[in-house]
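One structure coming up, written as structure tokens, with questions to follow.
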Amino acid sequence: MDPLLNYAIFFVTIAGIYAVWSLALNVQWGLTGLFNIGIVAFVAVGGYTSVLLTVEPSATFGGGLGLPLAVGFIGAMVTSAILALLVGLITLNLRADYLAIATIGIAEIVRLFLKNEEWLTNGVRGIGGVPRAFADLGPEGLALANMVLVLLCVLIVFLLIERARRAPWGRVLRAIRENELTVLASGKTVKYFRLQAFVLGAAIMGLGGALYAHFVGFISPEAFEPLQTTFLVWVMLIAGGSGNTKGAVLGAFIIWAIWSGSQIVTGWLPPELATQAGALRMGLIGLLLVLVLLFRNEGLLSEEDQRRADIAREARNDGR
Amino acid sequence: MLEAREMTGGYGGADILHGVDLTVAPGEIVAIIGPNGAGKSTAMKAIFGLVHLREGSVRFDGQEITNLPPNRIVLRGIGFVPQTENVFPTLTVAENLDMGAFVRRDDFEAQREKVYDLFPILRDRRRQPAGQLSGGQRQMVAMGRALMLEPRLLLLDEPTAGLAPAVVQDMFGSIREVNRELGVSILMVEQNAKHALKMAHRGYVLAAGQNRYEDSGPNLLANREVAEMFLGG
Amino acid sequence: MAELLQLVIFGLVLGSILTLGAIGLSLTYGILKFAHFAHGDFMTLGAYFALSLVVTANLPLLVSIPIAALATLIVALIADRLIYRRLRRTRPVILLIASVGVALMLRSAVQLIWGPNVQVYAQGIQLPYVIPFADGAIRIKPDHLIIMGGALFLVASLHLFLQRTRVGKAMRAMSDNPDLAQVTGIDTEKIVLWTWGIGIAMAAAGGIFAGLDSQLHPVLGWRLLLPVFAAAILGGIGKPYGAIAGGMTIGLAQELSTLVISPDYKPAVSFAIMVLVLIFRPRGIFAGRST
């Protein structure tokens, strides 16, 4: 196959996985205002769950049940959701900034757990031989099929979130975010809705983690580092337009393009600088984040645009 | 000395004030009364630069102070005592007074003594954190703090709100004393309309962000409409 | 007994480092009302500035600390002027996200300038002072004494500053009630700058001590951010004295926890304490009286 086409397929697949994460963050932050900077925790838990459920049995670590991929994906969502439920029950009453710190703590604990509990996770050595979807299609068919699978997931998650956003449920979340509801509804109800949004977002993050692990075929604690898995996702959502579902997807693709572009550029660096490429790109993420906040606070597609579009659509529907 | 004309503005988008006029002459005690939501406190905050005015002007001693930031207005000789959270709770009484004099580079020992003479209890409590004081004493600290810059006009936002009835009397006494002994003009917003009008030289009745009545304190007290509407009959 | 005392020493050393970070975090949090996520990376920056001064310029460590703190402060003021100040009118959470961006840029710069590898202020092994006990001995390295002594000196200076000086009192006033400070005529912008400066200088010193305690690496401060936040929250946001108590408590708790749980999970201890405090005493354990 043409190498460019090959690269394009790879690009779209990874960007699609990021779109899943960005959409998930949009449920938590964009719609509900839950400040999660421990995305990596839910992604890693999802990834590891699916790998342990599907990989061939091993003597060195737990799991290895050799179950079908679909079971792995569902398991990923369930485990991430359970983690979110536990975390959410104790932290969701907190203010946004406190929740942010708490999620950093969760991410740190999950990282320590994956690294140290070798009986289950094989520790820092990681787990190889992760089964890939459509493995019998040959390398080219496999890549293509995986891309389609990822895009399908993006589409399903997108439609789900769009629907949820426009439903009364989404309006309640928005009201909670804007602090409009606290007076009307009891604190309990508010907490319940926040918990729902947190758990839903985490389950989607876990799904993305499973997609990622099975696409790459290898998993280790190092594969999930906060920089690429948490902060890049944040830049994507903020740049795309927090609260805007299309923006979440658009942001993922644009920022992934910039991110991979930076990889190509740093690839041209002389070898003595090449080891520093990672640092340069980290600075780039930070810079992008700050620039978006300074100059286009609401992102490329703002929530306001989306609301106007919603109103227009409703007006059309009424007219019919 | 204070002339506020046609004040129009509010928080964020919606106007609360729709052309309010207020004046205070040297040595006067002026009370603003009116129903809840009439814009009494907002009018006072607008004078002090805490609420943005879209239209209208505020002049003090003939000088334009419209929409100046509060920390500049303070320097012109106007003090402001907010209704709630008006002391620094972890600072001692003495430190609270020092903060009132933060911008003063000269010796303000004498002024502090004047405040202590006015509120002798504060002298005894000067080493205590203000957060440990009773409501009435805190109000004294707040007023004392505002007096440290020797203002010529003091703005008081509901100085007796939440105080025990016995303490309310003392508070009004203190306000009168500040006015008489220190020669400070007073503009105050009061829920306690009857009391306020009794001691005020003049009063304003605001309703829905506009001036409704303006007269001397006794006349407003005698005004039947005002009495029915705002003084509880 | 000796083992316990040894852990207490380690706890006090870690506590000293956390305290220096927590004071600045708590003060900026209290006055500027936003959680400054770049605070840990400013600690890193301070540590690396000192590295250049000690290793390259051959200055003694104690001379390097104030210079490095000043250099860190200048960077912080630039970040404030270019980024934070422009966003101060928006929601605090926007500032929070921006500070994450600043954190990433700082860490990137540190790694680009000083390299990704682990470094130390001085090569070689320090001979510890050994204090014998009936059931063993406790060992204290000279560096440990520098860290604890340095932290004590800085905290005592801060105390005098807050209690005796006009600006220090105004800082306490602002942290009590920023709105009242403004109507009182306090020059709040000036106090914000002072707070920022003192907080960052303390953080830089804390970062240097952290590097002295073990080694320097680009995620030094980021790894400290969680326990530093925990200390600030434990002590009550905006309360410098609470931050001292919080820092010492978290430091001791982390080290003493190794008696019962695997040392691998030390960071989880501060997390657990923090979550418990947030749930049961959101104003902080040591948050005295407030209105």
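Which chain is which? They are A, B and C, in the order written, and residues in each are numbered from 1.
In the analysis below, contacts are C-beta pairs under 8 Å (C-beta built on N, C-alpha and C of every residue); 3 or more make two chains touch, one makes a residue touch a chain.
Note that the structure is predicted; figures quoted are calculated from it, not measured.
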Touching both subunit A and subunit B we find C
Identify the chain whose mean C-alpha position lies nearest to the mean of all protein C-alpha atoms shown. C
From the centre of subunit B, which other chain's Cα mean sits the farthest off? A
Most heavily contacting chain pair (counted by C-beta pairs in contact): A-C
Subunit A and subunit B: spacing of chain centres that average the CA atoms, whole Å: 54
Whole-angstrom distance, CA centroid of subunit B to CA centroid of subunit C, is 42
So, in whole Å, the Cα centroid of subunit A is separated from that of subunit C by 32
Note: subunit C residues in touch with at least two other chains are none
I need the residues of subunit B touching at least two other chains; which ones are they? none
In the complex, subunit C residues that touch subunit B: 166, 169-170, 172-173, 176-177, 179-188, 288-291
Could you pull out which subunit B residues touch subunit C in their complex? 48, 50, 69-71, 74-75, 80, 82, 85-91, 95-96, 98-100, 102-103, 129, 131-132, 145-146, 149
In the complex, subunit C touches subunit A at residues 34-35, 37, 83, 86-87, 90, 92-94, 96-98, 100-109, 111-112, 115-116, 218, 225-226, 229-230, 233, 262, 264-265, 267-268, 270-271, 274-275, 278-279, 282
Taking the touch rule as given, give the residues of subunit A at its contact with subunit C in the complex, in rising order. 35, 37, 90-91, 93-94, 96-98, 100-102, 104-106, 108-109, 112, 115-116, 227, 231, 234, 238, 275-276, 278-290, 293-294, 297
